[in-house]
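Worksheet: one structure, shown below.
Letters A, B, C and D name the chains as they come in the text, with residue numbers starting at 1 for each one.
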């Protein structure tokens, strides 16, 4: 196991309106991994994400980044929010500038970088999300999928170490989902740790290295996705169901240990092994 | 095949900002069926829905309801919008009142019904979506899934013949999706025709009687879902992919004609037929 | 700047209600005509009221470091016209009284007068005037919103001074007194509101 | 928005809003009739205790709700009490707190407090929706009611939009210093302004889809004991006023 980049220790958070956010939540996010946080709506996934870069502050308990307890001092928050880039669920509420370039430049400009450096970073970020040709388009003329990628670019331009995404696949049609998925894989391959919250079990199973399961504000399980098939009762216990691929795998009753992750792999396996 | 309740004949619609909505769109929606409209984002699904109850008016071509050409006269529009109930994608942009009861009563009151009749209808509509106990809660205290159901109740209280839904599953977690799905099945069983737009192929395959495929403002195919396995190339031609269940079914190379609709059925089939 | 519930003597409270009522009534009447012609305008008015409320609750980073909030009615007047702001302002002030305990019911008339009538009309008038003498757009916006905010606060001071004249110096002394005391928070706020409005319109122009 | 949340938990949620309205008005009236600090303080305490008991609200939250108003009250009272006199020249200013004005300031303050406590009783026990229904029955112009209904619902939607955008800006260091903060706020407001028209259009389409072209029509909630409740409120309010007048 690689080292922890983020650690939560018994974190409590209750919203001002009285609703519970996190309740004695303890978990660890490993550096360089793809981690998926799973749970029903209201399980505390978004609240957890908002704690990772200091947008929310635990009322009890501790959050550690890079083995250092967060102090929530100004300088530290700036470093934290530079290192940990967050893409929210709804692109319309996080794209606030008129043009794509302007929006991507928002973060770097706040860092006080020179105009040249900002320009460079914006170009590279737009290239990373394959949107160079949209740089001067007004945001409202983009498709939903393109908007999502602009949000991602806006975060990449800050040069983060960790990428945090809330429900990245929500609202994308299947073609855009494939595109966005391969984008995430490229970014992960380039060395970023990626942490995302989702309620799409099939996607989490296909994509992640580690699954973190949340329920009622608690982190109730942390599972290496490769070993999931041995721990299926955890999923059913918290009402998350079983990934479709694994359901079919179970029905097939294969002797092998690790089931395939995607439907494509499953089909290949079925054909190769001559099920008839 | 049952009779048509809605027919589009060569409908053209272009938005005032110049973007294309519908382009020579011809299709038929059969009475009493569950129809799913499939297509990528921007294919014209929502524009099509907005034409069904006269919120948009074709710039060329004709829309027929119940075999009668729409004249868009006031009295006709009122009847049309009573018969065809539309639930939009985002509940926050269609709930006017902060009180659940008030909002559900909005439609029936516009029909000029008596206070007693309105009260009855509201109660029954709330019961139909299993929200009686939320009747006196303010809308802002409801969850996203509950808000969706309030929207549905507001439409049901008009006693429609056709229910139109735009991306009903978007934003719902799996548990809420199952709940909403069984709600739709109850309503369909009670005699309503249901038409919905979605980009979730697996959901459409599991749920619908008929699939309508849209691409670039056109209706490019209309497929009885039962016969889909024979027409898979239509789906791939328009980049929609193949339903996961059908992918596995194809790999299994079964001799039977009609593949199962859901993963659960597929697994049962695999076990029953002793694939090993 | 709200006058608090119960702060004005009964006579003044009623007097200000009588002063504001006809303006609000005229606003409702003229909006009603507009809504008949464009039914979607009804929705816009409701949404605009919510927006104005949210604006007034937004914390502004102010010079002193403490946070305070703008009136937003000057900005609203430039968007929707000053006549629309009287009814919208009434609703917003009622919401503020009932949901935030800012202002009140007995002082509603006085508050409507300073914030939903004087402010918007000053903003609109100054803006038109500034454009007539060909001042640049940004400067016109700044002057309009800044002076709307200032006039609102001076009106409030005058209302308080009328109600509580200084025994020795009378209305004038009392007005100077109230104006001076509230100047500490209101002057920086007026300038910030003006600057902010310029930023908003600059951003809007690019969309 | 703390007040809004308490209104739904109040034990008197189902008492007729008209009765609660009458009682609040009688409180306001009593506050103005109160000729002494003690009488006004009595009215304030009566309503404060009643509200705490009925609205199931902790005194700490109640004080938090009162706090901003109290701050303004102290500032205004200070201004009333303060007297400025000029001598020969501009520089010759003397400040004093004459006894007369101190007395007046104290009375105005307590009256104001009494009014505030009476007023708060209403929204803390009655959801705003019920109050709007009451205003509708009192023949408030339709358009004003529509603005209120739509505005009230939209408050929560906009609050969410604004807070989501603000959070996204904070995450990208938009509020790092005063200058950047002002810029970010300008962008935020401009961005939200654009939503206004969009949302108005969507609401209009949704209304049309349910045959609503004209004024918004809503069913009134009925309160079975409205008459009885109103009478009790009237009697209680009247006796409060009489006590206040007698007590001076």
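Note that a residue touches a chain if its C-beta (ideal position, glycine included) is under 8 Å from a C-beta of that chain, and two chains touch if they have at least 3 such contacts.
Treat the numbers as computed from the prediction; the structure is a model and nothing was measured.
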Which of C-D and B-D has more C-beta pairs touching across its chains: C-D
Between chain C and chain D, centroid-to-centroid distance (C-alpha), Å: 17
Distance between the centres, which are taken as Cα means, of chain D and chain B, whole angstrom: 43
Distance between chain centroids, defined by C-alpha means - chain A, chain D (Å): 42
Geometric centre distance via CA averages, chain C-chain B, whole Å: 46
For chain A, residues that touch 2 or more chains besides their own: 97
Chain C, residues touching no fewer than two other chains: 203, 207
Shared-contact residues (touching 2 or more other chains) in chain D: 4, 128, 149-150, 152-153, 157, 187, 190-191, 199, 203, 207, 216
Chain-level touch network, classified as line, ring, star, complete or other: other
Touch relationships between chains, expressed as pairs: A-B, A-C, A-D, B-D, C-D
Chain A-touching residues of chain B, taken from the complex the two chains share: 40-42, 143-145, 170-176, 199, 201, 239-241, 244, 247-248, 250-253, 263-264, 266-268, 270-271, 275-276
Residue ranges of chain D in contact with chain C within the complex: 1, 3-4, 28, 31-32, 65-66, 68-69, 72-73, 75-76, 78-80, 82-86, 98, 100-101, 104, 108, 111-116, 119-120, 122-123, 128, 131, 141, 143-144, 146-155, 157-159, 162, 175, 178, 181-183, 185-187, 189-194, 196-197, 199-201, 203-204, 207, 213-216
Residues of chain A touching chain D in the complex: 17-18, 50, 53, 55, 78, 81-82, 85-86, 88, 90, 93-94, 96-97, 106-107, 110-112, 154-155, 158
Chain A partner contacts - residues on chain C that touch it in the complex: 203, 206-207
Touching residues (chain side chain A, partner chain C) in the complex: 97-99, 102, 138, 140
